[in-house]
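Below: a set of structures, written as structure tokens.
Shared between the two complexes below is chain A, which pairs with chain B and chain C, respectively.
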Partner chain A sequence: MEFQAVVMAAGGGSRMTDLTSSIPKPLLPVGNRPLLWYPLNLLERAGFEEVIVITRKEIQKMLNLDTKMKLDFVCVSDNMDMGTADSLRHIHQKIKTDVLVLSCDLITDVDLYKVVDLFRTHDASLSMLMKKAHEPTEGVPGQKGKKKPVEQRDFIGVDDTGKRLLFMANEADLDEELVIKRSILQKHPRMHIRTGLMDAHLYCLKKYVLDFLVENRTITSLRSELIPHLVRKQFSSPPSLQQGLDNKEEDQKKKEQASLDIYSFIKEDNSLLKPAPDNSCWNDHRGDMNETLHEGKVRCYVHIMKEGLCYRVNTLGLYIEANRQVPKLLLNLGLEESLVHGSAQITDRGMVGSDSIIGPSTQIGEKTSIKRSIIGSMCTIKDKVKITNCIIMNSVTIEEGCCLQGSVICHNAVIEKGADIKDCLIGSDQRLETKAKHVNEVIVGTEQLMEI
Partner chain B sequence: QPSQAGAHTGTSPPKPAHGLGAAVGGPGGTSAAPCEGPEPLEGPEGSPCRGLPLALGCISRRDWAQTPHSSPAAAAQPTSPPASADGPGDGEKPAAGKSKAELRAERRAKQEAERAQKQARKAELSQAATTAKPRQSPTEPQSMVKRLPEHVQVDDPAAQRKLAKKLERQQVPLRQDYGTKVNLFSHLHQYSRKKPLTQQMSIPSTVIHPAVVRLGLQYSQGIINGSNARCIALLEVFKQLIRDYSTPPNEELSRDLVAKLKPHISFLNQCRPLSASMGNAIKFLKKEISCLPDTLREDEAKEKLQDVIDKYLREKIVLAAEAISRSAFEKINDHDVILVYGCSSLVNRTLCDAHAKQGRAFRVIVVDSRPRLEGRQTLRRLVRRGIHCTYVMINAISYVLPEVSKVLLGAHALLANGSVMSRVGTSQIALVSKAHNVPVLVCCETYKFCERVQTDSFVSNELDDPDDLIVLRKGQAQLGGWAENKSLRLLNLVYDVTPPDLVDLVITDLGMIPCTSVPVVLRVKNVDQ
Partner chain C sequence: MANVAMIDYTLEFLTATGVEETFVFCCWKSAEIKEHLQKSKWCRHTSPNTVRFVTSDLYRSLGDVLRDVDAKSLVRSDFILVTGDVVSNFNISKALEEHKLRRKMQKNVSVMTMIFKESSPGHHARCKEDDIVIAMDSATNRVLHYQRTQGLKRFRFPMSLFQNSIENVEVRHDLLDCHISICSPQVAELFTDNFDYQTRDDFVRGLLVNEEVLGNQIHMHVTTEDYGAHICNLLMYEAVCSDIIRRWVYPLTPEMNFTDDKNQNYTHSKHNIYRGVDVSLGHGSVLEENVLIGQGTVIGSNCSITNSVIGQNCRIGDEVTLDGAVLWDRVHIADNVEIHHSVICDEAEVKEKVKLKPRCVLSSQVVVGPGITLSEGTVISLHPPDEEEEDDDQFSDDSGVNKESKVKLKGYNKKDVGSEGRGYLWKADDKNEDDEEEQRQSLWGPAMHSEEESESDSDLSMGSEEPDSRAASPQLDDIKVFQNEVLGTLQRGEEENISCDNLVLEINSLKYAYNISLKEMMQVLSKVILEFPLQQLDANLDSQNYFSALLPLLKNWTPLFKNYIKRASDHLNALCAIEEFFLEHDSLCTSIAKVLMTFYQLEILEEDVILNWFSLRDTSDKGKQLRKNQRLQKFIQWLEEAEEESSDGDQD
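This part shows the complex of A and B:
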């Protein structure tokens, strides 16, 4: 077996608590499908037949996915605050080969073979996917003013070909300067440093990286600890090469550290690659006298997508953005014959825009216009309602004469007659009074507000 | 139901029942095609360039040698299981009771019946189809069916359809050709590196072993280059395949393993056409597998195969390189100026060893050519050892040749008429050296000797990705839009053929022989086997 796929669906969605306090993140509807469906669909299209899904018990109970793959659910309890690396450590018994790790909030139409081919061809330790980050242009409910929350930038250094990952640092870890080791520049004189790249959290990892993770219990998160560690390790020499230790004590310490070093986990069964590169006339760099790949054993590669969709739905703004783009994606995949579900009862077909998705069993009254919106299942929308740019989840009731713009309305909400909602987030089970007027507000229940 | 891979050999002449006379040149049609003889024929009148290559003569050496090699060892074509069922099995199985013989007789009768049926069906179909090529129909049963290998028939739709069917059956994706080809080479495949074969395969590859997928990717992306490197990598991957193989119940390892190897070989062939060294290695391995005695247990058989592969690697590649290095050392004199071209692992090793022996002081001129620029790798390896090197491009050879005392070249394959098939540009160097009266020495191991005959570089060659010729200068890609220009074609040839009269000496592990002795070596090799 070449790969095993792991989808991390236990995470909380800490950056959009307004939404995720009532609905767990993997179940958030995007285009009327649970968020978890998208990475699973990506794997299914690529040809995977089995996937390990790490999730929480309550999520697994509520999941109802139609997929031909065999899903192996591993439940972690809610109390343990497990990072992504901890989850991998939890299931390491099940992993027998190289592993492909995905996050549940990834919506993309990337050709998976491009990422995996880098991993195969260069026998890489790590291969990941990135895309130029897309600034959400539309207003996000609950945001006061135009000021966007400042995200910490990531500095990514790639080599001339754009495939080899040389450097990775987050602005949060740096004081004022970006420090680049001389050894990196000696081996790769031309390095392109990019900011504004979004990490898709799709990693191909070799088995020995997982073994290293198991031994090294200090690493809790993949993205913030393991990946930068691997990128740094590319240019540090294995401890066996460091000679000249006279002090016995130092020897002892080094030995302990050595056993935690990743080089000790790289088994030498790569003997089949050994004689061939000596004879082969290929080199990944030119201009110096060094061997191919500088004889480095740890290699990290990245595929930077230029076109196509790639979203990580971890903020409200990205959630809304993803919902806008998903109808196109679903049409391209050929999954929705028509965006309007067959069982929806719509009185005025003409008033429903062509880029709106209507879920099953939804009733839409007369003279109701729906533009660029996504409406879930079992909703009841009465007459003379105007809905523009909204995301409406399941079982929502909207009475007559309402006007909704740019809002997100969660499950089971009820909006009474004549309400005028603009750029708001209405939480689950909320009830808005008649003729309510809300602009740019977040209305959630008080018990949800108490959760920190 | 015995799994017979011979199902597609429908057009073969019916084999005589005793099996030993199995046509050697017969229905071999495997991907070890480079070493099979195509036959001289006139092609359809439509294509103008068809007559040219064939008229120049791409003849099987068996034709003019006129001895069908019916040695029993050679007849054990492992690709035709019906024959091999009769062949090696006969001599080596002890009479283990009537039941086995009865079963075998039954199987043979069933196979003959199936084959007769298939012949009848094919005869019906061929009456309907109008193929101008007589080679598809069996002429006389005794004459060997000569076939052009698939990889030089890209512009023939019937052959391509056959290939597509075969690949579909083996569940190997078909790689699409890319870009318009130069007319003279339209009979060859031209692939793009940006469209790897894995695009059409499922990600955790199930049909093809992951190590083979990785190898195929490394071939097609050019990571493993050079005929020795490719062959070594191939054999190592085969060792892993054999390690991971387990015989299904009711199957014999000797037959099933060969059948299991075929899709992998097709896959590698689609990634990059097999080299002559790889073809010979595959032939050898298939023969070894089919010659396994049935008495061995599975793990013993697997271990024996691993040993056999190790022995082949050690003897034919590693020790041969050492032998060649020693022989070549005698030819290197003090204060020699040696010219080398491109990057040949053998030549590099020879020069490094010669320098290490410290008996002779010599310097090297490395000649390089675009687009591969392999000379730089040679330069890197030689300069690291302290050899004094000069680096020129191929258009400067007439400038440097007056000071050169000998030219040392590597080879991709040595053909049966003594021609040397090597990286494109080698024949130019040999030609200009001849004009300057500089001796040309070719280093080549015997396992690269090939039974094909070629007198030109057009018939059988390899077209590399034409986009490699696009060069970025100051941010502008000259030739970047070549595909839109209808009258522009890019040609990136990989190999060329040097005629034997331009080569003075071939240094092999059997000694130093003139080019014309290559057929003798081949004959000796065949008799040995």
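This part shows the complex of A and C:
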């Protein structure tokens, strides 16, 4: 086994609490499938047979996935605030090889081998996936005006080939200027500074990185701590081991320090592979005859997707956007089932757009038009309803003459006759009264709000 | 440069690229340059490139030249700006096209296109002195940030570079600045508008910083195939020289004789051996590779010559080893000499069994040897390092008569140049080793690799995460520094008998330089002067000697005090400083009364203020003890009486 795959599905979805207060993030329906299905499907397509899923108890109970892979659920208690690194540390005993870590909110049609091949070719410590961030195309319910991206921008420095990750900084950590060490530019004289890239939270990590993580308990997050640490470590030389020999005490100290240093975790290659770089005349840079890979022990690579789908569903806006794109993705993946489920009862097929998904056992009345929408299972949609650009989850009832536009309707909501809703988020078990009119609102249960 | 003057390369480059009119601006030794060019093919009628001279002693910088260009309105269209030390075979037409297109698309926005040559860090023609890092917009080739990197460990890029709509900012450290720029006429105007621009760097920086205000942009063109280099120091000189011999600058190779000089005919044979007319090579001598030998040079037997340039009419003895040597014209090398990577100028002479380690320079007409070894980086010149001797030395250069006696008179250091040697070891200052190091570095240009080492060292020390643990050098207190400076000034004043007016001037300028308030100024001055005798004589003085040493000083510097002590508060400040001094030096305590007395008699301090000070209540215990000093009390008493008397007198 070359890789073990780990899917992180314990996160709370803290950036879209309106949605996740009633439905845990991994279970959010996207194209009538739980969000977690997408990363698992990505792994399945790549040929993985076993996956470790880190999640919470109640999520595991509710989860119902059709997959041929063997899923190994590891539950973490939800009252412990565990970061991604903590979670990985939690399961480290199960990890025997290099590891592929994914987040449960990743929806992408990337060819996973591209990321993995980078990892293999360059004997990298880390390889990751990035994609140009999406500009939000349409408004998000409950948001007034155009919102500026709240998140701080990341600065990513890649080398000439666009693969080697040389530099990483967040806008929040920088003052007035971007500082780049000379030694980096000495080795990689051309550096492209990219902004506006989204990290897909898909990481290939060497086993030793995990060992390092186990020892370094201070690191709690992969994205904000471990990855930047690795990127920085690429260009600092390992501590020299000779100095400590004179003095035993010092030696002891060194050892203690070294245990926290990533270099001490890097195991030497087995004897066959080791001389290979020395004996080959290939090197990965131009202009001089220095050693391949500049002797750097830690190497980080990134695959930047130029085209294709890649979404991280971590905000309401992205959730809506992902739902919009998913019909395309599902068709591309060649899943034979049609977008309209066989058990759905639709009286007037002509009114259902080809870009909509309709779940099983859903009933749709006459003269009801559905465009660019996703409708879950067991919904009842009565006559003369207009649904455009909506996401309707399971067991929702929509009565006659409603007009829904650009909204998200959660489980078991009931929308009574003649309601007119535009750009709203309707929470679970909500009941909208007859002829209610809402524009750009978030309507969720009060008791849920109290919980938050 | 490979037996051809540097400026010929520059002019050939310009002509080859299609330039039809060239202005040569010269300042230093302009007559010689003019003479050289007038003899050359550039000034013949057939020359496709009309060369004009503009000479002035007032040109101190590129800025001066361009302001002059603007004033005389010499250029009306785009022009190429190069320094006279550029060696290149670059064809400018493509860059020029790009430049013109940009100018057409957006009128007058792009004012300059800089030409760079791609070469990785560590390339031998990249010198630290001229090393740059650039941030560019890879889509439009616009220069966003231009920075010299000498001595920098980290490069800083202002965040504003990344805020704009530019998607892909590229940071490049693999560029060699050819110092060739295509400029629009605006460049000269901008130099006129901004009289503080001295160099092209100033210009580029100013333009980039004010880009948003002025709306001017700079673009760049990167060449990968062509050759271009700017010879700013000896390191570059050596590198470019060897590149010419190795035909990297084709078609500017020695055998092409592009200067069309009949003395510059060479035959080119394999291993890049170039031989001029009438070269004689002794039995058993080997020209290994990359050797250029000028016309009429005679080489003895059993020599080994590699990677070297030898000028015209040189005489080289037997069993000589030249490796990476550059010999100019009429150099004499005796037998059994070994020269590595050094430059030897016109008519210099190296005697028997001399060994030159790498990076030595022998200036014109210098003689070294016999039988000595010059250590690495030795520079020998006929001009003595001390300026005072320069005049008569130049005389000795020319005369040639009575050389022997003059040598003895002046005493060439036999240790440095050998028993028959002539010349002075070039050192900035004998006392200061660091200075010499600097001098040598500036001549050869700091080598690239030495820097890399230090780089890795620094990496080691900051291997851990904290990227920002920059150790700030302990900053000396401004007042401390100021005090030292004042002390130095006064010492000099004392030694050289400088008038008080000048001292005041100097101290004033120091005061502004260190931003010292008047109060601090007063305290420092009093303290320095009172401590002065302690500095001059032994630290452990008894009060008697101390006072006798101080008295003449005080008398001398009375105007100094008077200049600063004007208001009542100044008097008080001075007194406080005096008190402080005596509190620090207990042993001298007894002389305080005398000192105050002197100040009073010299009319520096007024009696009211002294009395005022004496009666100050909020003093420390020590201060109180000081005031109990008998002599001081006597003095005060005397003062009080004197005042009464005088006031009595007034009443009368």
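A few comments on the model shown:
Here, the second predicted complex is superposed on the first by the 426 of 452 C-alpha atoms of A that agree within 3 Å, B and C clash if a C-alpha of one lies under 4 Å from a C-alpha of the other, contacts with A are read in each partner's own complex, and residues count from 1 in each chain.
We adopt the following convention: contacts are C-beta pairs under 8 Å (C-beta built on N, C-alpha and C of every residue); 3 or more make two chains touch, one makes a residue touch a chain.
Since this is a predicted model, take the numbers as computed values, not measurements.
Judged by the touch definition given at the top, the superposed model places A:Lys61 against neither chain B nor chain C. In the superposed model, A:His122 lies in contact with chain B only, and not with chain C. Once the two complexes are laid over each other on the shared chain, residue contacts for A:Ala46 go to chain B alone; chain C is not touched. In the superposed model, A:Thr195 makes contact with chain C only, not with chain B. Once the two complexes are laid over each other on the shared chain, residue contacts for A:Lys306 go to neither chain B nor chain C. In the superposition on the C-alpha atoms of chain A, the part of chain A touched by chain B in one complex and by chain C in the other spans residues 286.
Of all residues in chain C, only 119-123, 133, 135, 138, 149, 152-159, 161-162, 167-174, 452, 455-456, 459-460, 462-465, 467 touch chain A in the complex they form. In the complex of the two chains, the chain A residues touching chain B come out as 1-5, 43, 46-49, 100, 111-113, 116-117, 120-123, 271-273, 275-283, 286, 289. In the complex of the two chains, the chain B residues touching chain A come out as 196, 198-199, 201-205, 210-211, 213-214, 217-218, 221-226, 228-230, 232-233, 236-237, 239-240, 342-343, 345, 372, 374, 376-378, 380, 383-384.
Residues of chain A touching chain C in their complex: 155, 157, 171, 174-183, 185-186, 189-196, 229, 232, 235-240, 261, 285-288.
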